[in-house]
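Before anything else, here is the set of structures, which you'll find just below.
Below are two complexes that have subunit A in common, paired first with subunit B and then with subunit C.
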Partner chain A sequence: MAKKEQSFKSYIFRQKAVPYVFLSPNMLIFGLFIITPAIMGVYFSFTNFRGLGDQPQWIGMQNYVNLFTDPDLFGAILNTIYLVAVTLPIVFFFSLLLAIILVQPLRGRPIIRATYYWPVMISFLVVGLIWRWILRDSMGYFNGLLDTLGIGRIETLLNPRFAWWSVVFVFTWSRAGYYMVMFMAALLSIPSQLYEAAEIDGANRWQRFLHVTYPSLRPARLMIFILAGMEIFKIYPLVESFTRGGPNYATEFAVRYIYETAFSYRQIGLASAMSVVMIAIVMIFTLGNLALAKRRGAI
Partner chain B sequence: MKKKRASFLTHIFAIFWVLFFLLPVLYVVFSAFKSRSELFQHIPTFFPRDWTLDNFKRLIDNPYFMTYEWIRNSFIVAIASTVVAVVINTMSGYALAKFRFKGDTIILIVILSTIMLPLEVIMVPIARIIRTLGLYNTLWALIIPPAATPAGIFLMRQFLLTIPDDLIESARIDGASEWRIFRSIIVPNAKPAIATIAIFSFMWRWNDYVWPLIAIRSPSRYTLQLGISTLSGEYTTDWAALLAISTISMIPMLVVFLIFQRNFVQGVAETGMKG
Partner chain C sequence: MKKFFVLLIAMVTFFTVAACTTDDDEKVLEMMWFSDGNEADVMASILQKYYRETGVVIMLNPIGWNVYETRLGTMIDGDDQPALIRTTEGVMNNFQDHMVELDGVFDEEGFNNIFRNAAGNPLGLPMDVTANGLYVNFDLLDKYDVNYPTRGDDDIWDWDEFITEMSKLKGQDDVSYPGVFDFQGHRFMPLMYQQGITMWDEPLESMNLKSQEAQDALQILMDLYADEIISKEVFSTGAQELMMSGRYGFHMSGNWFVSFYEDNADFNWGVVPMPTGPEGQRATVLGGKSLSAVKGSGMEEEAKAFIEWFSQPEIHDEFNQFVPFLSARVGADIDFGDLDPVLGMFQDEISATPTTLTADWVYMTQVPGIYPMINDMTNAAAYPNGKSALDILTELEQKILDELDD
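Here is the complex of A and B:
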């Protein structure tokens, strides 16, 4: 009897352990490669750690002071925020436009959808190369085209402003297909009765979009806004192969700057402080959007 | 009822964007088949005048480009990491979908919030950890850590919620072990979600740049992406080789895309699959 009870107890114990066992490989990896580095990063940010063989020394807020007083350091963060502010609405509305095109009864729709989506499958590194090859100064296809059309060649990626806007453009080119698919799913789930009712009420195309389509997309819009925003905040391989942060730091964004600071200049403490600030910005962006949506009753 | 077709103008508009997305890629692929003089002529043409394989030969002849090793490493990493990802994400998804246990909500929140800690931003301490664990300059560093993806777990959880509990309960009453239930009930039923995780994981790992960058030092262990990045130096860029190797790097993605196009589109639509 006692034995049976014991084996029952051990059975219960084992049953309780089951989910933890199933979760353990993932949790181990998250713990080792996400949570621990995040904590280490916070610690490093208060030290003057310079990497291999160096003893980190506690220097308090010095890195953060440098971060906010050095125009170069803070410039990279500000530049990233500008990039998000400009690129996000463009990607957002462009992918919505593509999704709207694709829900029309088009001939050959699957092929069209596939070509819109295809750039998503190409790595950011190669996307950057593709566009550098085209926009490359003086000899690129773009300048050849301008020449043929009689417009005359222009300074492309050597011009800071042109390079910066090219990053906006290339990011949009490479990722619009992805968010388009998310918009499509949302568009297709809008009940057609809503449109019929609006039509009966005499709403024209634009009014139907404004009063039926756009409001119905609310949950999808929120998700796309957050995902795309986070993706632009951490832009890196694309600029690495496209502009390498140049010319004259015009396309130097936070992640590339963190990488350079840590691995080329061995200022791991300072780089970590930048990481902490970037994580804080991403969190404020994400949670802020969620909170705003909640207040408006969207989720 | 006959379905109305979209107008001619809508079609033109749609085709305009087809060209917008397709032509840049085609131009690069065509350029890979151009001769040196054609690559750098004053006004470039879209198509090569004389098709040549010189740029591809260059990748093989020049010992500096370990093209074969890079391709092999990319395949090893993408396939191995995908296998690991499928196994561990299915296990976690199962635990979160079908068990009530202490801390389940917290674990779910932790998993979702790791999405806000992008690898790119914390790569400096990650590089330290990789060294501490002795994974530096091994392909393991590219296989194991990236396999745990919050999106994969979440997708699997959502999918497994739809499997009836009775199925699992009756197996349990029949005395099946938990691992057996997982293998013979959960895995076969989770096939669509497994397929989605597998093809996304393959794409992510194939296209990965940041993990190899912080974890690999020896050129013989580079992946294709890392090899490509070393070819485009700060001041000189070996365009002939770059165009050829970039073209090669897109081929597996094209094949995967042509076969699994539907899964990609559904995967994004349902969950916003995100590395």
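Here is the complex of A and C:
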């Protein structure tokens, strides 16, 4: 009897322990490369660390006081929020549109899908470089084309407004394919009976989309909203290689500003405080979305 | 493409040497390096010569300049510092507590531009001296009858004459802009010095940035941007890259780009005197690179031995001849062949700069984060948004003094 009991206990222990054993390599890596630097970042945010082989000195809340009086940081955060507000719906719309088109039985569908997905496989740095070569002012292919067509050159990346909207366009070009795949997976998982029932009820194509497709995509929509939102909040390598934050800081977004503060101005402590604030903003955005979705019953 | 090959050669050297170093007694040092042109190629061949003479292996580790200090800081924090490192005044200043003092390692009388710590000990062996200067596209200038002075002319143009002449290039079909300035604020320094004034009133205490002379200097830069004499595109594309298109008449830069021009320009190019200030004052900004040893590498003595070996005139001159750079060695007489007139022009700019002005920049490099501060200033000169030269310079002065207070 005691042996049986011990064996049962051992079984329960194994049941509980085994998942953690399998998770441990990932948790180790996550802890080492994500959690530890994050904790160090929070610690640095209370110091005057400059990262030049010096020892950080505790200065309390001074960095937080300084950053709340920094108009340039405020401008960069506001610029980032505008970017999220504008780019997110555009990416969302185009990725959904592409997904709806590409789940249809089109001829050459695999090639078309691959074509739209292709930009996703290119790193942001390379995407930025490619579009800089295309759109830059005096030597860009875009202006060369306008010249050839006799339209005449226009001010491209030297124009703050053009540069800002170019970031929106290039991000959408680069990432719409990724979210398209997610939407396609969600679209293909909608039971066909729902469409058949709607058709029998006399629903037209638009009504079927509105009352069957769109509500069925709710979990996917939420996930894409959060993932794309966070990705745009954290935009950096694309901007660095594409516009370098210019012209005249028109495309200076929060992460680039933090990077510059840390590694050009050598104020790693202050930059860490900025990062903590950024994390708070992204968390508010994410938790807000989750709460909203929960209230509407999406999750 | 050239950079790719430099990197390739450096990597092949790195891995080949690393693969060969199986003998435990064989010493292997790491040298951290950055390049503007072909310096890595030349240093790699000198390191091979050192290996043949001494059996000591030095691995060249090329790092991009934009992450250079960050990488060095990380390596020092991780106790994985290189034994040797190529330095600027800024790097030596920022990391001076981590640099090996080199007193007695080389003949200090034999070199110019030595960077010393507070105790007066040298922190690097000066390798070369740099100066700002004016590259021009002779094909374009001659095509549109732009008059320019040449080396040895007594009558050198001032900024008004320069702008008048270069304006002839505006609006031409095969010209994008008359010229380009590197976006780096460092290029602003000669304009200041040509006004006969330094940045510092009292070094690291008070500044001259709000003086009329400083305002006049910045106003020249602001007018060059506002009148579309120089392109704002430099803030996203390298000025040298724009110049290589052959659609720009001049490029305000420094002598470190000579080999880049030599390798890439497919037009007739050269260097002409920079414009003078109102009193006819010629001036450039003096800088340079050094070779330093890093504390804590465990190879400090070996690093010093290499620096001593490198300071020999024939080795030092070999590096500067093939790069090609102006030598920091007193009395060096290097034959640069066809490039003699070009490098001579930079040497003229240095010679014409009063010695009272040359120490000014060294004090600037002692302000942490000085480069982005003055780069912000040049960005503001290009995009003033209603600010005057005085507003911009007041902001810069405040930033610098705040940093010193910290």
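Here is the rule we use: the second predicted complex is superposed on the first by the 270 of 299 C-alpha atoms of A that agree within 3 Å, B and C clash if a C-alpha of one lies under 4 Å from a C-alpha of the other, contacts with A are read in each partner's own complex, and residues count from 1 in each chain.
Please note the rule applied: a residue touches a chain if its C-beta (ideal position, glycine included) is under 8 Å from a C-beta of that chain, and two chains touch if they have at least 3 such contacts.
Everything numeric here is computed off the predicted structure, so don't read it as measured data.
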Partner chain in contact with A:168 - subunit B first, subunit C second, else both or neither: neither
Broader residue contact with subunit A after superposition on the shared chain, subunit B or subunit C: B
Contacts of A:223 with subunit B and subunit C, given as first, second, both or neither: first
First, second, both or neither for A:248, with subunit B first and subunit C second: second
Partner chain(s) touched by A:282 [first = subunit B, second = subunit C, both, neither]: first
Partner chain(s) touched by A:273 [first = subunit B, second = subunit C, both, neither]: neither
Which of subunit B and subunit C A:260 touches, first, second, both or neither: second
First, second, both or neither for A:141, with subunit B first and subunit C second: first
Touched partner set for A:212, first subunit B, second subunit C, both or neither: neither
Intersection of subunit A interface sets (partners subunit B, subunit C): 132, 139, 244, 263
Residues of subunit A defined as touching subunit C within the complex: 48, 50-54, 132, 136-139, 157-158, 243-244, 246-249, 260, 263-267
In the complex with subunit B, residue positions of subunit A that touch it: 15-16, 18-20, 22-23, 25-27, 29-30, 32-38, 40-41, 44, 98, 101-102, 104-107, 110, 112-119, 121-126, 129-134, 139-141, 144, 147-148, 173, 177-178, 181-182, 184-185, 223-224, 227, 230, 233-234, 236-237, 240-241, 244, 254-255, 258-259, 262-263, 268, 271-272, 275, 278-279, 282-283, 286
Touching residues (chain side subunit C, partner subunit A) in the complex: 67, 69-70, 72-74, 76-77, 94-95, 97-98, 176-177, 231-233, 235-237, 242, 245, 247, 368-369, 371-373, 379, 382-383, 385, 406
In the complex with subunit A, residue positions of subunit B that touch it: 3-6, 10-11, 13-15, 17-18, 20-22, 24-25, 27-28, 31, 40-44, 46, 87-89, 91-92, 94-96, 99, 101, 104, 107, 110-111, 114-129, 133, 144-145, 147-148, 153, 178, 182, 203, 206-210, 225, 228-229, 232, 234, 239, 242-243, 246, 249-250, 253-254, 256-257, 261, 264-265, 268-270, 272, 274
